[in-house]
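Both complexes shown next keep subunit A, but they swap its partner, so subunit B is in the first and subunit C is in the second.
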Partner chain A sequence: MNSQTEVMDYIKGSMRRTGSGVLGFWNRYKRNKIGVAGLGIIIFFTLMAILAPVISPYNPNTINSSLYLSPPSSAHLLGTDSLGRDLLSRDFYGAQISLIVGFAAAAISVFVGLVIGLYSGYFGGWADEILMRVTDFFLVIPTLVFMIVIAAVIGPSLVNVILVIGLLSWPSTARTIRSMVLSIKNWPFIESAMINGGKSNYIIFRHIAPNVFPVVFANAVMSVASAIFAQASLVFLGVGDITDISWGGTIHNAFAFGAVSAGMWWYVIPPGLFIILVILGFTMTGYSLEEMFNPKKRGF
Partner chain B sequence: MISVNKLNVSYKTDSGVARAITDLDMDVHEGETMGLVGESGSGKSTLGLAMMRILPKNAQILSGSIQVDGTDLMSLSTGKMRRLRGETISMVFQGAMNSLNPLMTIERQVSEPLIIHNMAQGEDALERGREVLRKVGLKSAVWKQYPHQLSGGMKQRAVIAMAIITNPKILIADEPTTGLDVVTQMAIVKLLKDTQRERNITMIFISHDLPIVTKIADRISIMYGGRLMESGTTSEIVRSPRHPYTTKLLASVPDVRGDHLISGIPGEPVSALRLPAGCLFRERCENALKECSSYNYEIGYQEKDHVAFCINTGAV
Partner chain C sequence: MAAASYSTYLARRVILTVVSVFIIISFNFLLFRVLPGNPITLLYRSPRLTFNQEKALSIEFGLNRPEWVQYILYVKNALEGNFGISYYYKVSVTSKIIPALENSLILLIPATIISILLGIYTGVFSAWRENTKADVAVLQTAMAFYAMPTFWLGGIFILIAIYIGGIPVAGEYSVGSTSIINLMEHMALPLLTLVLVYYGQFTIMMRNSLRDVLSEDYILTAYAKGADSKRILYSHAVPNAMLPMISLIAINLGLMVTGAILVETVFSWPGIGYLIYQSIGHLDYPMLQGAFIIVTFSVVLANLLADIIYGLVDPRIRYR
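For the complex of A and B:
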């Protein structure tokens, strides 16, 4: 099978989606057990983030110096941290930062990747050459190390962390989009749009972009997972605003105060588990979407 | 209306330079349909692409000009040429199945030239799209459908609707019936013919299918190896062909009623990579003379508009 047929399969997949509407899309999606489980996890954490002020038993920032590093009790179900703050409440609130960083950074990375991929693939020639060499540059540098350096230089605020993650994780999206565009631009309907006198930008955004959208969508969901992971890693390594409540930050604290070696599982395990679960949720959803849009991947 | 003068087009390929069109002259008058007939590789599609100035990157126009209403297309800026495309000159091309965006509704796709050329926007454009769709015989049920829900013939009608929505002066139809069944082919030809008459469009109908072309064309040009072999009115070409190649093409048409055997043309078309000197058809020609190998494409036969490039036209 050549790549054109593959791309056509993508297009046909998305075509069915558009043809049968949102309801038809959901009807097909819900048959995918992995996808439904993933979506369930995402909804669970989204609700946790939104309802954190309601479901948290305590204010997550209330310091109680008489109760520091206390084990789980009926008053504090997951104990308290080094400053005597309720850990369960902090774990609930941590969902907020994770999702904000995940979605915002993924949006930046997908947007940049999409634009670069579209232009690079459509124009080809020297424009493609330059854009792809830049992409290669970002692809080969060790991202986490680079993120730490940049975040250290521009300062570790929440916005900066989002920017750093977003602006460093677009290359794989750009490459994927570019290769699809290379194939789609040879399809007769693109020539047809040229024959009708369409300008390059019109053809790129009106004809090519909608046809790569399904892949972009699946890619975006996967990007959220990696952005959440990157944020947790950065904060754990001490890059990030320590006043923000986040799962990575809680684990960082646990290490800093020797909670791990002291066997205080309630300090480390819940935030670690949440990180794993939320990443798993997004990955499963993204994987299922990709499987739906690309019939070749069905039947796994 | 359209005047092609001494046009030379070549393609750079990995195995050398391919001469797609050599010294081509052609005049198409306003409101007529010119049929362009030839085998694969005869340069007929290249001519269509050259008229739209959408030749692939490896193609090069070596010399000559294409004039529309006295304007040399080659001298126009990219922007001006783009404005001409889809507005003054439209094209319907091979494989209508794929020339519609799979993610656009038919009505949106058909109104696209209006939107691109700022002639109408939004609901207004869609309304005019529906009007044209009705004209080409597509009922309201398909207006909001997507290309994969339509049959080949319906898609070809939609493509024609898209090509005529801006009321172009010139329509280039490159193999518009290829890949359709015979009944649909005739319906599409009739639609093109009616549309052309009704709107007084100057049409260039490119096809390898001579019988189809005779149904629609006022005049026919026969091409071979990138050169013009013979050109004349449809009845001249069919009744009194002067070039042996034309005669052979006509003899290759199966006859349902008669019992004459189809006589194909022996040999293979010339390769554009290595065009032989002299007459290009001579190696496959039964009437070839010794002089044919040094033939230099002087007009061999001419009566008014009927011309044939052969030195042995008397033998036909």
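For the complex of A and C:
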């Protein structure tokens, strides 16, 4: 297999290309159309989340029992939900939960994946074997079912949902990092660090970790997309705090209160489009970063 | 590395599968002991159960005995397919899961086969026209469907079906009907949703795999000896590009199951996914746990099957 040389090229490419600081990085990034579009989408939804209290025409939690399930009108552009709450406002506020869960869960999963990948790749041996078998296990089983069961048992609060998604999504990151570490640790400068008596932890975090960082970064951006997807699916299935305003929750309500079978498209289509867009935004950005860091990875 | 025989390869796979099964069962055993309150009794005691049912369960699962005895009994019961009594239905979990599993397979097997075939077809189409407009269009379509939340796409189809009228959007049969035509009418939308969401990943896999094969030297050799290009594609390239697909399909089975759960919920298809959805609402822990174990077992076993097939069709894997 030529995976080793691939990783070398990759790292050389990333070091050469990120060498000229943040500004140089941005100058190269902005030439990538897909990446810029993706970043634009992320900024759009971040602004939506921050400005939700300003741009929403109504308080998203105000119940108006005389106006439940009303169609779009000049007062309520996207109609009202099963409790007479303004749907447009709820769609704006939904950006908050999606981004919070996305970023927090991605941070957890990337951190765990990074640490496990670094140690597993560096030390090898039986610990590596066990870690890789655990990773195999996680990669194969239907993770969503696993998340449902755990969240249902420990209680589906926002924090628990973040923890469950974060702690069950690390295996693919761990695998990627491990395979890179396996190759990096054979490089002469690591060997010389070992000969000079560098402690394992020092070598791992001082010499190896910085070299895998570009991958970790691209990986983290992709992880946000999958965490948002997982959260939306969980809430849609009824695993989540019903007082939180989220896109998946709105779609759940649309089904639960018969709005879908009544043909109320304004109830379901906007939150779904938002989910698709935000996921696309993170995927496109992550993909472009990966492409930039790795000159060999072009095309699909 | 020493030469490994097919039986060593097989033995290794079987051992890993057994280990996975034990991890799943042990995890479940532990999970229901982190519940607040009195965890052990919470699992099997419910105000809905009669005193006799409760007593029988208590003996069966050894709830008044030491934890390690409980664990052994738990594993034994799980391996025998006994997951306790449903809080909500007050019958054994297994008796609810078996018919639901059958309904899921009725939907999932055709959906998997159609998505794989469609994925292979579009993937070959795309790789053969690499970097043309047709290639990009096929890939973008596949990616667009893949990015859609399964439950949302299902919702859109329901909206369209209701607008058109006459297409069933919920359940497996109309009330009182058992005809195969009726079943197929009900299956149309869930099947379409599943296929559209899942064929894209196979398109991309097939395209990438075939693209790699097409750049191999033996393909060039085939051209050099003057072979017809369709013949090169179908008898030299495609069969070799299919090999990596087998293991990738196996890895993606878990994802297919996830999709099935969401689609079943959208279309109220009485499968195991819909059962899971209802059990979340009912806080029916034994049912959730049983369904989780059955679903995970199925995926793990399907993976073992894929490994066995892969080992037969591609002997190189045994030496890894």
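The working rule: the second predicted complex is superposed on the first by the 294 of 300 C-alpha atoms of A that agree within 3 Å, B and C clash if a C-alpha of one lies under 4 Å from a C-alpha of the other, contacts with A are read in each partner's own complex, and residues count from 1 in each chain.
By definition in this document, a contact is a pair of C-beta atoms (placed from the backbone, for glycine too) under 8 Å apart; a residue touches a chain by one contact, two chains touch by 3 or more.
Values in this document were obtained by computation on a predicted structure and should not be read as measured data.
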| item | value |
| --- | --- |
| When subunit B and subunit C are modelled together on subunit A, clash or fit | fit |
| First, second, both or neither for A:A106, with subunit B first and subunit C second | neither |
| Subunit B or subunit C, by number of subunit A residues touched | C |
| Following superposition on chain A: angle at subunit A, subunit B versus subunit C, Cα, nearest 10° | 100 |
| Partner chain(s) touched by A:E191 [first = subunit B, second = subunit C, both, neither] | first |
| Contacts of A:H207 with subunit B and subunit C, given as first, second, both or neither | first |
| Touching partner for A:A220 - first (subunit B), second (subunit C), both, neither | neither |
| Contacts of A:R133 with subunit B and subunit C, given as first, second, both or neither | second |
| Which superposed partner A:L144 touches (first subunit B, second subunit C, both, neither) | second |
| Smallest distance from any CA atom of subunit C to any CA atom of subunit B, in Å, after fitting | 8 |
| Set of subunit A residues, in rising order, touched by both subunit B and subunit C | none |
| Subunit A-facing residues of subunit B, complex | 52, 54, 82-87, 90-91, 93-95, 98-103, 112-113, 116-117, 146, 148-149, 159, 162 |
| Subunit C residues within the subunit A interface of the complex | 16, 19-20, 23-24, 28, 31-32, 34-35, 131, 139, 147-152, 155-156, 158-159, 162-163, 169-170, 204, 207-208, 250-251, 253-255, 257-258, 261-262, 265-266, 276-277, 280-281, 283, 285, 288-289, 291-292, 295-296, 299-300, 303 |
| Complex contacts: residues of subunit A adjacent to subunit B | 11-12, 14-15, 18-19, 187-189, 191-199, 202, 207, 210-211 |
| Contact set on subunit A toward subunit C in their complex | 133, 136-137, 139-146, 148-150, 152-154, 229, 232-233, 236-239, 248, 251, 254-255, 260-263, 265, 268-269, 272, 275-276, 279-280, 283, 299-300 |
